[in-house]
Amino acid sequence: MNSNETPPADPAKELSAECPAPPASADPAASALKTSRRDFLKAGGMLSLSSLMGTGALMAQSEDAHAAAEWAEHFQKNYRLMTPEEKNEARLRLERRHSQEYGKQVTVDITDAQPGMLMGYALNIRKCIGCRRCVHACVAENNQSRGSKPGEKIEWIQVLRMERGEFAKDKMNHGYPEGLGIQVGGNAYTPAGQVLEGQYHYQPEAVPEKDATYMPIACMQCEKPPCVKVCPVRTTYREADGPVVIDYNWCIGCRMCMGACPYWARRINLTSPVLPKEEMNPVTHYLGNRPRMRGVVEKCHWCLQRTRHNRYPACVEVCPVGARKFGNLLDPESEVSKILERKNVFRLKAELNTFPKFFYFYD
Amino acid sequence: MKKLAIYTVILAFCGSAFYAVSAAEQAAAPAEPAKQEAAKEPPVCFESRKGASEVTQREIKPGWPNVKCSPTTGAALWYGDPYEGTVPMGKMPGLEKIPEGHALIKPRSEKLALMPMCGTACHNGVGPQFNPPKLPKDKRPTPIPTMGAMVPDLANFQHGRGRIWCLDCHHTTKRNMLVDHFGDPVSFDQPQLLCGKCHGDKLRDWRDGIHGKRIGEFVSSGKKRWFTCTECHNPHNVQDGERNRGFVQLQPEPSPQLPKGMKDAKHEKLHPIPH
Amino acid sequence: MQQLTSFAADYTRYVLKGGTKFYAWMGSLAVLIIGMMYVFYLQNTEGLIVTGMTSQIHDGLYFANLVFLVGVAAGAVTIVFPAYVYHHEGMHKVTVLGEMLAISAVIMVTMFVFAHMGRPDRLWHMIPLIGIYNFPHSMLGWDVLVLTGYLILNAICGFYYLWVKYTGGEINRKFFMPLVYISIVWALSIHTVTAFLIATMPARPMWFHGMMPIRFIATAFAAGPCLIILAFLIVRRNTKMWVEDSAIDLLSTIVTWCLGIALFLTMSEVVVELYARTEHANGLYYLMFGLHGLTALVPWFWSSIVLMVASFVLFLIPAVRKNYKLLPIPCVMAFAGIWIEKGMGLIVPGFVPTPIGEVTEYYPTFVEWLLTLGIWAFGFFILTILLKGAIGILQGEIKYGAAK
């Protein structure tokens, strides 16, 4: 059709348009030097010293963006405490480094949360057919590790297959409490999908299967996230527009957050992520899908690199049955607001008072 | 005799055309081994259900394809350009608030093999001179052997379970159109106007983005591609026969990696609590 | 100042001298330490992938040992408390040895923290002022705080005492006694906070109950004194220092009581969880009988139960408890039993099944075992040095001016 027409919402384009690099600081070395001088005068102490060291390394080995960036990253602050200049500096450093590493122009977005936006997610549990397209869309979008050795493959979405179960005549005389003849009969039940203890490795010829239902689970982006509370260094936190994010450069890999998460939404990079150059998604966000490093925790962030520019998350776009819904909870016209208004919804493990912004619903 | 000959020729033409197209469709479906052989061919992936709509992978800019296809199932896994091949949806009651050009659809008519021929070859008004012209006068079902031979779904027609028939949805005289309650034609690209006749609750949910699928910009005023009814549902057999589900079966994508130390996932099939 | 340098010099000179046995002991520990350093290097270049940990079971041997050793460190209070609160004569003489044990246990804990981290190079992010310290929300923050505090308290109390002995001065009780009392309460706090660390996660029903701290303390006050008894018996046999029978007897009494309480608490948990057999009992069920046919931890659990029950019975028999030839047997059994119970038996089943029901198993790799063993070796290395120096001072073999 209109194949010549430029796609208006090409995120790459938008990113570069919305985050123009100030010409003065296009050279990372120069901008780093400026920042370090300012830091030195302003704060003194360890941080300025370290950023000076980082700058030194950056200038000395400006050829090797990777080593320089890695050296400077050792000393950078928690993302939330960075000044806009420092954020931009970190952004340029990463863009240079990753562009060199992956052989293509990589953008690292640092767009902040937009006022009036609170992201929400809803999933139609009746519609899901368990095809796992969302799982793989997420991997294609978010630069997870995808090696073949155990522990090298990371997926953020889990799809749980739960058996429908049945009540059958021939089971009537089995069951609890067995053995003493106190009570027999009236117990024809076969355990079914009521417990979160189903199958993750199902691989039938075709889905949906007759005797199963499916339940996708990923980060619930809780309003009261237990993972944020336990983090000893406050590297994971809730952004103003909803998603719980991680500053991968500040994470110490203690895995307390993984233990605290009731939805098993977090993954640890057991080794340096295996990410082939040709599969790498070059449009990234600092708090989103930029390539991670060994030993840090990562999780779903509702495709921040997309959603900060109003684009649907990758999993929503590929769901063949349209079970996945995403929108602004503050906008009464959005699809999630309409779902909350019209449908029966529930939150997974609501009894834990984590208040997810991810709702399951059925129609 | 001459009349019969023309009739036969036209029927043969329609039939062979349909056969050719449906064969092409079938060839596209089990093309996976062939795809591996011809590695240089750009992959074509299907979007919602197999055979309903396809995208051909191409590079928009270096490292940024328009779509990524699953190497396992051939399904579209990721959209670089959600609006490829779309046109404005056209007038849709209830969607007036959406800014001009922000509601897009992928035209269905291009995908429907018989469509271009319906109005020109068979139902062009110059075909056999029926005597008297045998267009149905009312909406009572009458067998149409020609169509039954061409559309396999009609052999055991499921939609409505015998309570509706062809001309409840297809226009009586304009066979390349659908029909609304007033007898006015509806484009094949706007099946929602037809389906909503009966499935009002679904139409309402679809309009609000609850039912069905939209891709592009998620904000309510954003530019979106809307998936229309027939991209996901087979209108002649919505519930997939005995399966009684609104969506046909698909091959699933690969299962997650077994964690270190685990040899297989057989344990998952066992039930932990004895009953 | 001159006193201080001569203290350091005398101390070092004394602990470096020893017989063949001493060098053989230290040498074999050093071999393990070198092995540990290699695998630690490996783990920090290859990543945690060289361990058996996964995203499903992401805390393993390291975290288990960390939790256990916090208990051992807290166990030192079983010497300090009777010595200073009940003025137990035999204990008072050996208090310093307990403090030295606490110091080496906390050092081991710190090393296990390093082993456990995915990014030990970024641990400075936790240091207040230059990093961010999520206080008071993060339990791990609290844990780091109390452990560091405990290390400092014990180092001050222990070395101040030794210093006074060395210089032949008088103990400044106004300064010393408050510290001692604080350290007693502090010892309880370290294990309580470590229990809170895992018990405050509703995501892990296996750990999520209020009994956790008292169970931690009961097992700690059984395992810690067991190690101390063993150390005392070795000290009596191999050095000139004589640890009085009354001290050892009191310790074995404490072990008996605490072991009994620990077993009682285990029993209570088993009854409560398995009677109703809710989904929240899956972790315990996995530990005791296996889940979905996966049974890797079952032998661990039952061996731990057998070791603990058998050692409890042995401790109850006075003929065994008072016979110092036999006493090491139940001590080793109880120590091993509690190590299993709190290590593999408490940490790992917390992750099985995952909060969303995936059942997987954990098999520690050689790297993990060697690193664990190496850290223990390092701990014993430090402990040997500290005990040797302390005994030298207590015996008057290191004294200010004696060397000249």
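Each chain carries a letter (A, B and C) given by its place in the written order, and its residues are counted from 1.
Here, a residue touches a chain if its C-beta (ideal position, glycine included) is under 8 Å from a C-beta of that chain, and two chains touch if they have at least 3 such contacts.
In this text the structure is predicted, and so the values were computed from the model without any measurement.
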Among line, ring, star, complete and other, the chain touch graph is complete
Greatest contact count: chains A-B
Cα centroid separation, chain A vs chain C, in Å, comes to 38
Dist(centroid_CA(chain A), centroid_CA(chain B)) in Å evaluates to 33
Dist(centroid_CA(chain B), centroid_CA(chain C)) in Å evaluates to 67
By the touch definition above, chain B meets two or more other chains at residues 259-261, 268, 272-273
Among all residues of chain C, those touching at least two other chains are 53-56, 282, 359
Residue ranges of chain A touching at least 2 other chains are 150-152, 158, 197-198, 200
Note: in the complex, chain B contacts chain C through residues 259-262, 266-268, 270, 272-273
Given the complex, residues on chain A that touch chain C span 45-47, 74, 78, 81, 149-152, 154, 158, 160, 195-198, 200, 217, 226, 229-235, 250-256, 258-264, 266-272, 294-297, 349, 352
In the complex, the residues of chain C that touch chain B are 52-57, 277, 282, 285, 291-294, 359-363
In their shared complex, chain A is touched by residues of chain C numbered 46-49, 53-56, 58-59, 116-123, 125-126, 130-134, 137-141, 144, 197-198, 200-204, 279, 282, 350-351, 353-359
Note: in the complex, chain B contacts chain A through residues 47-49, 60-64, 68, 70, 75-87, 97, 107, 205, 208-220, 222-223, 227, 232, 243, 245, 247, 249-261, 265, 268-269, 271-273, 275
